[in-house]
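Read through the structures below before going on.
Look for chain A in each of the two complexes below; its partner is chain B in the first and chain C in the second.
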Partner chain A sequence: MTARLGRQLLALLSTLLGVSLACYLLRQQMPEQAAPSVLGFGRYLLDLLQGQFGLDQNGDAVLHGFLAVLPASLELLVSASLLAVLIGIPAGVSAARRHQQWLDRLVGAFTLVGYSVPVFWWALLLVLWFSLTLDWTPVSGRISFLFDVEARTGFILIDTWLARDAYALEAFLDALRHILLPTLVLALLPMAMIARVTRAAMVDALAADYIRMARGQGIPEWRLVWIYALRNASQPVVAVLSLQLSALITGLMLVESIFSWPGVGKWLLDALSRGDYAIVQGGALLLAIVLVVMNFSMDLLRLWLSPPERGRRR
Partner chain B sequence: MNSRFVQRFISHPAALPALFGLLLILLLAVLGHALSPFNPVLVDPHAQLLPPMWQAGGVAAHPLGTDDLGRDMLSRLLHGARLTMGSATVALLLALVAGVLLGSIAGLAGGLPDLLLRRCMDVLLAFPSILLAILLSLAFGGGMTACVMAVAIALTPHFFRVCRDGLCEELGKDYVSAARLDGAGPVSLYLQTLLPNLAAPIVVRGTLAFSTAILDIAALGYLSLGAPAPTPEWGNLLASAHDFIQLAPWTVTLPGLAILVTVLCANLVGDALRDAVNPRGANP
Partner chain C sequence: MWRSLFAGFCSVGLLVACTGGEQSVRATGLVYCSEGSPDSFNPQISTSGTSYDASAHPLYNRLVDLDPDTGEPQPALAESWTVSRDGTRWKFKLRREVQFHRTAWFTPSRPFNADDVLFSFERQWRPRHPFHRVSGGNYAYFANIGLGELLTGIVKRGEHEVEFQLREANSSFLTMLSMEFASILSAEYAEKVLQAGQPQQLDQLPVGTGPFQLVRYDHGAFIRYEANPRYFAGVANVKRLVFAITPDASLRLARLRAGECDVMAQPSPAHLPLIRQNSKLKLYSQPSLNISYWAFNTRRPPLNDARVRQALSYAVNRAAILDAVYFGAAELAKSPVPPLVPGHDHALQDFRHDPARARELLREAGYGNGFTLDIWAMPVSRPYNPNAKKMAELIQDDLRQIGVNARIVSFEWRDFLRRLRLGEHDSVLLGWSGDLNDADNFLTPLLSCEAIRAGSNRALWCNDEFDNLLNEARSSRDLALREQHYRAAQELFKAQAPWLTIAHSTQFLVARQSIQGLRQSVSGGVYFHHAERRP
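== the complex of A and B ==
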């Protein structure tokens, strides 16, 4: 287990090194930069290790700007992932239990459409229906400008909850209504993915011998399905998710740009259109680092989920 | 391509309609120039924001209506099919060649090259296609080339993984040892024994990657990171229609529907192919 963990950590470090090398090489392609050199890369790495990711046009550190917008992105990512898991896993499990019946086909059709819908188009349609026609939800932003919420954690749902003044509840509900549409849009792809992989893995798991044996022993059916089979089916789900993480981040950046959600994606795209290249380069590297770390934690989760792989060499 | 495989593919209920749909869309994309009634960038001040012909106020000359500058939607969609699917195909082929080449090297060589290449692919996986497009447009200037490159690079790790993992699995099997004992050299072992067995999973991955490529290219066009503004790329069409969403909903729904139908057909064909290749259909 320790050797396995050490190998994973080594892989993490080398990937991080590769990511910064890629960013360095791309940066040196800019017109006014010197040709890439080993010494230059060493200096660049040293700067990174000291937390210096460059200065933006106003002279502020890019790292500070990134940390200021990161919570908004994480909030959206977490709420979308929660929704995707809460709907995707039960949908996949129930489809697998009724293999080849109408529910299975319904879930199959839904996942296929979820895979195929362009995220930005889906967002525009939802805005057209819910915001412009029905006027149920706001079009953009995180909270109405009427509320002045003190930023303690950076997560607006927690901050409005912590505010504890006379309008705390209104502010919380307002923030909830703001996050509703972006969450629905962003959750569609991971929801379809989770439902599909869960279904396939559960069909296999439910047909396995250990399930028939456990059924013969009189273990209740819900326990068989939701504990025994699901635990073994969860590993491919995590594997597929970690491969699709970058697709999720692409969706996140699109959603942020459409709903003017003040997160990392909008920050990067705004900086690009402003011509603030230091933010784009430093921010892209930081975002890539976040992705590598998320991938790493997914790998750890998969390791933890699969007992036989804990001691085995890859 | 044996007949059992074709039979399994056809027995999938949605496979043939989706295949014909995809072929029809490809045909429309190829013939787009000849079929479109108007020049896609022709501005007509007398025909602004005309609805499609089945709605009140629509005219038969513009069957799918016009946009805010009076440009014919049907012509723009047809030209867009060529642009979007053409660049998606180029990106897909680039990723396929690079992924299969690197995957073969990693799978056959093993050891240190394998390790290094796998790390490189992990690095690529850390850059989503939008992020890559942003960085490439900074370094080499924006436009379609940077967009296609970004999508191709983002797709490469998927092909690499299919090819490398497939090779590792096949190399341990008996028929490979038999061919080796028969005196097959490394080149003929690879080309005649191993590659035919890898072709099926690579083709399946390719069909599914085609839909990803279309979605990515349209997304980059929507964020104006891809083709420049007046080009009728499908994502560009959506971006320019964004401000008229209430006034002229068809300018938003039609390009989106075009993307949805194309990607849906590609995904259905990909699913049917995968089920035909791997009847158990367990791994996604």
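== the complex of A and C ==
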């Protein structure tokens, strides 16, 4: 286990090094920059280690700007992942239990649609219906302009609760209404993916000998399905999720831009259109770092979920 | 799975239902999707309508206001006034117990008085004033309108009495005092920021007497105001007012339709049919004080010949421009002075669309074989001209009919204006939004010889007779005589044809049906003092 962990850590570090090297080489392509050199790269790395990711056009630290917009992105990412898991897994399990029946086919059709629908089209469709026709949900931002919510954690759903004024509930509900559509849009693809993989893994798991044996021992059916089988089926699901992480981040950029969601994606795209290349470079590097670290934690989660790997500890 | 889906739908229902309550933020708040960021919160140093909407109207008051319907001066910070028989001394009695805003950055210790009036005008007037050079020291309107030369003194006659002394009688003096640049700022606050060594704070963190006070400005994102709880003319119904800065007209409309904003500025003319069809939205319109024109550089041959300029004027089919560029939301302009403005010459002869006459004039001037001409089209959209490029293309087509070959030229906006000032253009499509109901405001800044030096006379046209007519009109107190001078000036303008006047566009504002009590300002902005939300 320790050796495995060490290997993972080493992979993490070398990936980070590669990413920063790529960023460094790109940066040196800009006018008024010296030719790339080993010494220059060393100095660049030293700067990065001290948290110096450059200054934007206004002279503010890029890192600071990134940390200010990161919570908004994470919030959307977490809410979309939660929705995807909360609907995708039960849908996959239910489909597997009624293998080849109508519910299975329905879930199959749904996942096919989820795979095929482009994110931006799905977003526009929802906006057209829920926002522009019904006026139920807003089209942009995280909260109505009327609320002046102090950013303590950066997570608007938490901040509205922390702001203990008379309007906390109203502000919280307003923030919920704002996050609804972006979440639905962003969750669609991973939801379909999870449902599909869960279904396939569960079909196998439910047919396995140990399940039949457990069933013979009189273990209740719900325990059998939701604990024994699902636990074993979850490993491929996590594997797929970690593979899909970068696709999810791409979707996030698109969703942020469509819904004017003030997260990392919109921040980067706005900087690009302003021509603020320090943000584009530093921000992309920071984003890559976040992505690599997240991938690493997904790997750890998979390790923990996989009995043979865990077993080596003893 | 079904249960969770069901729960999901229920929570959507709950979210939709939970937006009410008499005193909720939603019920007492209003969001205005505005078109751009203000450059400052001091209307003395700003010149854009966007800045006035964010500063002069919500934050400040003037000594007098003009009644929006009749154009008559009305008391505001001045309770009453008297004028000496020769029209050169104006005495204003100031309103008592008017409180300045109490904000996070300033707590006033005294109500409004004569010192504030003196401070507000002397900053713009006296080059030695400690604030004169702060924030660039450019007081475009104060200078343009000639108040600096008109004034000989501003005297404090008492705590609540001020006398303005003028060099000569001027019929539009009260109108000038009602303009945005004549907003009254707090002298006490100015003193405080000066002592703190931060004089420019006066223009960025404003303190005024108006119906709303600034809470926070997040650059390029939003401006947050709250109702001034001590407003002398009655506390506003709207407790929280937010300007959501949304430069993209489509996003503005989407936000309005989704209920994210309650009012939006400047809808794109192309969206008007959609807005009219939507029963939840209300379209406000008003013919506005603006003019869009095609100016000829009268210093460049062959445009220095009036016959050539007339020929070009005859060649253009302006009805097609009104359709294609303004989508019908404008009226054909025959004079630089809009028809609403006193002094507009209703009997003025206009150029009709007549290519044959145009060719004849060109032949007379010796350009029977045509020539090549640059048309500069401004790169941005403005209320008076939503699409200068398209307009230029239409004109290019029309000119081809009379054998004139036109090239369309454009630069980045700031560069464009700089080159115009240098007179590098042959002709340019531009416009002007007036801010007061006065013919002089359209003629002097745009067509006088003096305006060439100021850089706002795009035709570089200087005609002594025209200037004399304007001067006589300005100094005459007899209304009929003034109008007569203005009529003569407009006829001269038409005969000399330094511009082809194209359109007076209509100003639009869109609001949700539930919002009442909005009032449009002549310069295209909006007043929120009496606005409220009806359930």
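Going forward, the second predicted complex is superposed on the first by the 308 of 314 C-alpha atoms of A that agree within 3 Å, B and C clash if a C-alpha of one lies under 4 Å from a C-alpha of the other, contacts with A are read in each partner's own complex, and residues count from 1 in each chain.
By definition in this document, a residue touches a chain if its C-beta (ideal position, glycine included) is under 8 Å from a C-beta of that chain, and two chains touch if they have at least 3 such contacts.
Just so it is clear, the structure is predicted and the values come from calculations on it, not from any experiment.
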Side-by-side fit of chain B and chain C on chain A, or clash: fit
Chain B versus chain C as contact partner of A:139, first or second or both or neither: second
Angle at the Cα centre of chain A, taken between the Cα centres of chain B and chain C once the superposition is applied, in steps of 10 degrees: 90
First, second, both or neither for A:177, with chain B first and chain C second: second
Touching partner for A:13 - first (chain B), second (chain C), both, neither: neither
Which of chain B and chain C A:67 touches, first, second, both or neither: neither
Partner chain(s) touched by A:94 [first = chain B, second = chain C, both, neither]: second
Touched chain A residues, chain B compared with chain C: B
Partner chain in contact with A:82 - chain B first, chain C second, else both or neither: neither
Contacts of A:208 with chain B and chain C, given as first, second, both or neither: neither
Touched partner set for A:291, first chain B, second chain C, both or neither: first
Which of chain B and chain C A:113 touches, first, second, both or neither: first
Chain B versus chain C - smallest C-alpha distance in the overlay, whole Å: 5
Overlap of the chain B and chain C footprints on chain A, listed as residue numbers: 127, 132
Residues of chain A touching chain B in the complex: 11, 14-15, 18-19, 22-23, 26-27, 29-30, 112-113, 115-121, 124-125, 127-128, 132, 196-197, 200-201, 203-204, 236, 240, 243, 245-247, 249-250, 253-254, 257, 265, 268-269, 272, 277, 280-281, 284, 287-289, 291-292, 295
Footprint of chain A on chain C - complex, ascending: 1, 4-5, 12, 15-16, 18-19, 21, 24-26, 29, 31, 215-216, 222, 224, 240, 242, 244, 251, 254-255, 257-261, 280
Chain A partner contacts - residues on chain B that touch it in the complex: 119-120, 122-123, 125-131, 134-140, 154, 158, 161, 211-212, 215-216, 218-219, 222-223, 235, 238, 242, 245-246, 249, 252-253, 255-256, 259-260, 263-264, 267-268, 271, 281-284
Contact footprint of chain C on chain A as seen in their complex: 86-87, 90-91, 94, 127, 131-132, 135-141, 144-148, 167, 170-171, 173-174, 176-177, 180, 260
